[in-house]
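Sharing a structure with you now.
To keep things simple, chains are lettered A, B, C and D as they appear, and every chain counts its residues starting from 1.
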Amino acid sequence: MTAAPAQALLLASMLFALGLLGVLVRRNLLFMLMSIEIMLNAAALAFVAAGMRWHAADGQVMFLMILALAAAEAAVGLAILLRLHAAGRPTLDADTGNRLKG
Amino acid sequence: MIALYGLVLLPLAGAAAAWLAGRASPRAPWSVAIATLVLLAGLLAYVTHAVPAGGGPWLAHVSAPWIPALGITLRCDMDGLGLVLLWLTVALSFPCVLLSSRDIADAPGTFHALLLATIAGVDGVFIATDLFLFFFFWELMLVPLYVLITVWGHEDRTRAAFKFFLFTQGSGLLMLLSILGLVVVHQHQTGVLTFDYFTLATTHLSPPLAMGLMLGFFVAFAVKLPVVPLHVWLPDTHTQAPTAGSVLLAGVLLKTGGYGLIRFVVLLFPDAAVRFAPVALALGALGILYGAWLALMQDDIKRLIAYSSVSHLGFVLLGVFSGSALGMAGAVVQMVAHGLSTGALFVIAGALQDRLHTRDLRRMGGLWPALPHLSATGLVFAIASLGLPGLGNFVGEFLVLLATWRVSPPIAILGAAGLVLSALYALTMIGRAFLGSPPGDGWAALPDFGARHMTVLGAAMALLLALGLYPQPVLDLSLPALPHDAARPIASPPVAPGGPRP
Amino acid sequence: MIAALVATLPDMPMPVLVLAAGILVLLLAIACRGSRPSGAAGGTDDRTDGGTVAGAIISAATIALAFIGLWSPASPPSGGMARLFAADAWFAYGTGLILLSSGGILAMSWRRMAGERADEAHLLLLLGTLGAVVAAGSANAVAFFVGLETLSLSLLGLIAYRPRVPDAAEAAMKYLVLSGTSSAILLFGLALAYAETGDLRFTAPPAANPAEPALAVAATILVLTGLFFKLSAAPFHLWLADVLDGAPTPVSAFVAVVSKIALFVALARYFAMTDLTGTSLPAQDLAVVAVLSMVGGNLLAFGQTNLKRLLAGSSIAHVGYLLVALLSAGPFGAGSAAFYLAAYAAATLGAFAALGAGPDRPDLAAWRGMFHRRPALALALSVMLLSLAGIPPAVGFFAKAYIVAAGVSAHRMLLLAALIVSSIIGLCYYLNVARIMMAPAPDTAPAMAARSGGTTVLLAALALATLLIGLFPGPLVQRTTALFLPAVPATETAARARGPFENMRW
Amino acid sequence: MLALLPPLAFLPPLIVLCPLAAATILLLSAGRMPAPATRVLAAGAVGLAAVLTLWLAVRFLSAPPPTHRLDVVLWHWLRVGGFDARIAFTLDPLSLVMMLVVTGVGFLIHLYACGYMRGDPDVARFFACMTLFVAAMLVLVLSSDLLCLYVGWEGVGLCSYLLIGFWYAEAANGAAARKAFIVTRIGDAALLCGLLLLATRAGGLDITMLLQPGQPGGPVAEAAAALLLGGALAKSAQVPFQIWLPDAMAGPTPVSALIHAATMVTAGVYLIARLHPLFLAAPTIMAATAVLGLVTLLLAAGSALAQTDIKRILAFSTISQLGYMFLALGTGAWGAAIFHLVTHALFKALLFMAAGAVILRVHHQQDIFHMGGLGRAMPGVFAAFAAGAAALAGLPLVTAGFYSKEAILQQAWHASPLLWAGALLGAFLTALYISRCVFIVFLGPVRTAPTGRTEASMAIPLAGLSVLAITGGLIEMPDAIAPVHLLFRLLAPVLGPPPAEGGAEGGAGLLLLTGALAPLAGIAMAWVLWRPRAGTAAPAAGELARAARAGWGFDAAYGLLLVRPFLALGWLNRRDLFDRVPDLLAAATRWGAAVLGRMQDGRVRRYAGWIAAGTVAALCLAVRP
């Protein structure tokens, strides 16, 4: 099955918006991380779609790079969540327990 | 003449030496500062002496590359106006150091270093003819003074120093805009990128553009002079500064404003200045009356003197914008005389505060029997400040009013009305501080002025008297040299004198 | 295939190569030491220190070599590599600044990173530097993206470096979430741009395709958003204060200096071929962001009592100033941006170095009376703040004047008005710090950081440089002007054709 | 340069220098000089000046220069931008007369002051100011350049300020001094404006140049004359500036005699006489001068009638007599004005010094209703006071005041009979109030017993001036009595030929007779009202008397209309309206900082929200065409 690049871009945009919305409305840090992954994947999808439009491999190259980034980000992100926990933060709620402000 | 650089570098070197000396002994910086000032006076005397006779209005010149990529040079030129103000700077530095700063106990090395650094900056302002160099000195002289006020000032020093710095720096940025605007326009016209005063003076400017650029300069100098309503930093700053700072501020720093108005507003933008003159004259008259009026209402003696400065320097604004050689000369004499008289008054106010631990006139009174010498000098300088004929202030005010009358009699009448108010506040100050009966049960024994104070203040008095009775040397020097051709005879005024302007 | 890869290596810019090699060496060193059986926990200190010193020496040598590598007579990248890297003078200048700053940060964290073992920190520092250099030199969205993410990820590690410090973890968390979000936005924008043009070259925002104008616009905006976030330009600045506050001081310096230099160099390259003088979309966007950054950053700093947060506000404001320079295309614009970048880097780095050498807490109150307690330190910090405030004789004075000159010559009156107003606000808080240091010292001295030779040398060098370049900016001006010589005539003639002050715009 | 001048030219500067040098020495000695030396120095310096002036007068009059003037240029003061002012003196008959008055009367008063101020600890300061005053006054009358004259003009004002407030411990004295200086300073400002106008018109302020014949009239001339008149009115305490002089009596009595009776207050008269061609070109101002003089004359005489303080009586009397001079000036009788100036200087100084002697003897009591019967205890002082009073009242034929007042009355008649009638009423009032003073103070029962005795240094000047007050008028007589015109003829080169009198056709004789009868009537009426009666003397208590005693409410009106509103507005604005602006800006900045600080509330979602919002806003901005 083939889809027009424009449609793929539309899908990517929706995914992206969904991810952004997730970051904005979820309070759980884990879910926020996942939302970011969604956004990254939306961008990756957009690259693939664009590459399809121009019949070039650049889009796929970019996709691979983004995949690597997403993986790295997930790893580092989870490590930081552990650090947060080790530092004494009781919950994964992003809105409570913030010390840095003002 | 390479010695011009020395006028800036010598005080800087002195500053460094004083700072180092301060680490050795608490009294050493004072001696270093005195020595520096003596050397500086000697250097200035040499510069004055070395001026070639009949060499045109520009008396000395020196130049060296600085930032060639942007056409910025270390160019300094000196004309009579600069020379007069340099001498004023040196002359007022002596009372600062001799009378006020000897007893500074807290970090005397740093204090004297900052004082000398300020003097270096002021010297630079008076000789720089590269606009960027001028702006550099203009900003540079603020920093040490800011520190002086912040650290050694009186109770509300923080706010005062802040205000001082923000006003002068903020308006300085406007001037920077104007400088750069002028440079860019000049570059656009000729393809030459330069900050040179003489070259930039030849730029052709459309009237609105010239007005806009002139206003940038005007605001910066108007803040410094100060011109009502941009004066609000001055009373606070003068009140809160340590005595030496007040003397330096009133005596010298404010004069950079007047100098700038002459050198960079009227002479760089003669046409725009003429069109702006009505506004400036009105502001000058407003300053004279408003400053005097508020001076009358003050209970703080230093604040009173500060507002009187606002009033006196309104005459400078009048003179500069009266558009004639007469007014220009009057403005210069007024600047010198104001420096001497108000500087001395600040010395006296500072001495009073040292003795009484208050500046509040409501808590003074009847001091004459307790401090006859101090009171007598106070009276003398108050009288000078109210413009008694025979003293320097009168010469300045008269020439300014005469020049103003030619342009606009109503403004001159308002200015003359300021003379009445000046008598009012000066005599009120004397009456409240020295005359009448002491509050409570009289004053305890207070140390009167000794020989050192009387000598220095007596010298100031003698200078004022000389200026009042034989001002011709200053008058001859005071006509600023024109930027255009240095060969033009000095006598022709920058703007044609004459009857009322339409 | 490996052979083919190796064959392309000489085409890479030398600093990138050197940094990568250094990282490998350091990795090896750490791996060797880490594989050794470690003794009792108490007895490892000396050895650890020894190892850390070795790591630091390797890092320093790497950075030094990379810096020297800038002068390598390598031919400019050709072939495929040319599509990835633009090893031009601007890159060399930016890289030079990045490497010098990294060297400075290394000096600050010479042996320890806020009380922790620092060998992995050195590794992350080198990685971050590599990322910054790559991002600064990238001519391609791929290279830019890789460099940027290398930088971001290593920064995450550095920010969270101190274990069991809640602030550090929180700062890292915030940076993680926000940087992830902004990376996604940036990537999406790049994807849209790619979809629009079919070209991944990272040189210019796509020209609007008449068929799909919204796409190009969205691409430009999204890319700019991503860049602005990393530059911490308002209104995308909110993370900066928290991150600088929570991170160890050298890392704060890294975030405020190195990553901003890299991003600004990239931003400038992104717009190198675009005419920013008009009211085009990116110009408008940049102008709004510049005004918001200048005013907002200074206001933010105005209300701070925490020096790190204050410097964060200051840093935001300076990004605004840099954007003014960027927007002021003309004879001075590019030169002034380059000059300002150097002035900003020196002063900010110096300020953070002074913070690192000062009291443990970055509270302003802890600095009260510092002129009496540690005059040299207070003087150094004052010089840095003077430079940031733009007061002579520090270099920041000339730098700001240079930017104003650029703005005037490009008739950016509104921007200049904002610059002046915000500079005056800025003066307040810089002076306030100086004033507090000049106030009489309180009776109880705050706990001070241990004296460190590296920091002292760094501070002295930076203070000297700040003053010397401030007094004699000529050579550096020459250099920064020369950076853009080829580009100047075009814009200059463009500016001249319009004539000065005839049509005032943003 | 000086050496080339004829030796006569040395004298005017030398005469100025004498008191100036004494003042300088006294000021620099800062009170360390012993009191006797101070007295000798001051009186000696002024005496030397007087002797030199006499010598100068003799030489000048015996061999007058062809132009009747001697110019001494000392140095160029200001020479810039086409304006030239010199410090220069001109000796001509007018300035010679003034010099004689200043140094002669001045010397006698200094002599008197040696006794009067005995025992005052600050006698050095006193004499420093007094000698300085004499020097300034001499500069005033000698200057050939109006700007140089202005130096003396303000200089005498300063000395007046210093001497009124001599006893500074009393706050009221300081206030009185300040009031005197400020009120005259208002006039000075007007005078300065006049100088500016003249200088702008003529390019300089040299009097000879300004007075070149053919003065154009018109509004400019009127304005210049009006401004000069303003200065003269304030200095000479004429309506509407008269309020300062009664208060100025706070100074020591010699000061009142010298400054506020004999010399400084007459400077206005001198100025107008000196510049009379300018006034001739401004007829409106001339008329105003005459009317103001007349009004002052009557108002002040009325006030004098109601006063209880002996010095205030004399002060109002001075104002009133100066009114005569202004009346004369307004009618163009320059010579008569100067004549009255001279005689007034003699008899008013005498009156003040006699009053001072009385005051010393009655323990500084100044209220005439606490005195009485002093004629018996101090006959010498009584005689002197009576001589002065007679001269003031213008007792016919035997007093100087009679002749000078007659000269004015004659001119007034020629100008307008209304003016003449007013002046005649004034003469009547003058006799009335001074007789009242004499009767109450010297006759009747003793209310305060006098002690001590008047010392010689005070008695000699009293005696000398008594003689002069009686005989001083003989230098100038109406034709109806004897054709003696020494003074007018002397002054003719400066003031023009003396006005032709009405001739001998009887009208003049009748005028003379009426003028002579008015003072007699006044004395008679005073005798009726205040002749010595036991214990009934008390100040009048009616509304009119209260108003008159308060100087007709000028003080109160000025206070209500000018001073109070000015001070009240100033008090409201004492914190400086403009100073609030920076505070507002600071508050706005703080508010902005607080708002931005609140944006950073630490919640990462909020931060992300701002990023999203910024992006969306940018998109909206971009898409909106």
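A few points about this structure:
The rule we apply is simple: contacts are C-beta pairs under 8 Å (C-beta built on N, C-alpha and C of every residue); 3 or more make two chains touch, one makes a residue touch a chain.
Note that this is a predicted model, so its numbers are computed, not measured.
Comparing chain pairs B-D and A-D by the number of C-beta pairs in contact, the larger count belongs to B-D. Note: the chain lying farthest from subunit C is D, by mean C-alpha position. The centroid of the Cα atoms in subunit B and the matching centroid in subunit D are 37 Å apart.
Work out the mean CA point of subunit A and of subunit D, and you get 96 Å between them. Distance between subunit C and subunit D, defined via averaged C-alpha coordinates, is recorded as 78 Å.
If each chain is reduced to the centroid of its CA atoms, subunit A and subunit C end up 25 Å from each other.
Those residues of subunit C in touch with two or more other chains are numbered 173-174, 177, 181, 185, 241-242, 304, 428. Within subunit B, contacts with two or more other chains are made by residues 166.
Touching of two or more other chains is recorded for residues 20, 23, 32, 94, 98-102 of subunit A. All chain pairs that touch, listed by label, are A-C, A-D, B-C, B-D, C-D.
Against subunit B, in their complex, subunit C makes its touches with residues 331, 386, 391-393, 397-398, 401-402, 404-405, 408-409, 416, 420, 423-424, 427-428, 431-432, 434-435, 438, 472-474, 477-478, 481, 496, 499-501. Across the complex, subunit A is touched by residues 597, 600-605, 608-609, 612 of subunit D.
Note for the complex: subunit C touches subunit A at residues 141-142, 145-146, 149, 153, 156-157, 160, 163-174, 176-177, 180-181, 183-185, 187-188, 190-192, 194-195, 198, 200, 241-242, 245-246, 304, 306, 309. If you check the complex, the residues on subunit A that touch subunit D are 20, 23-27, 32, 94-95, 98-102. The part of subunit B that touches subunit C in the complex is made up of residues 65-70, 132, 135-136, 139-140, 142-143, 146-147, 150-151, 158, 161-162, 165-166, 169-170, 173-174, 176-177, 180-181, 183-185, 187-188, 193, 209.
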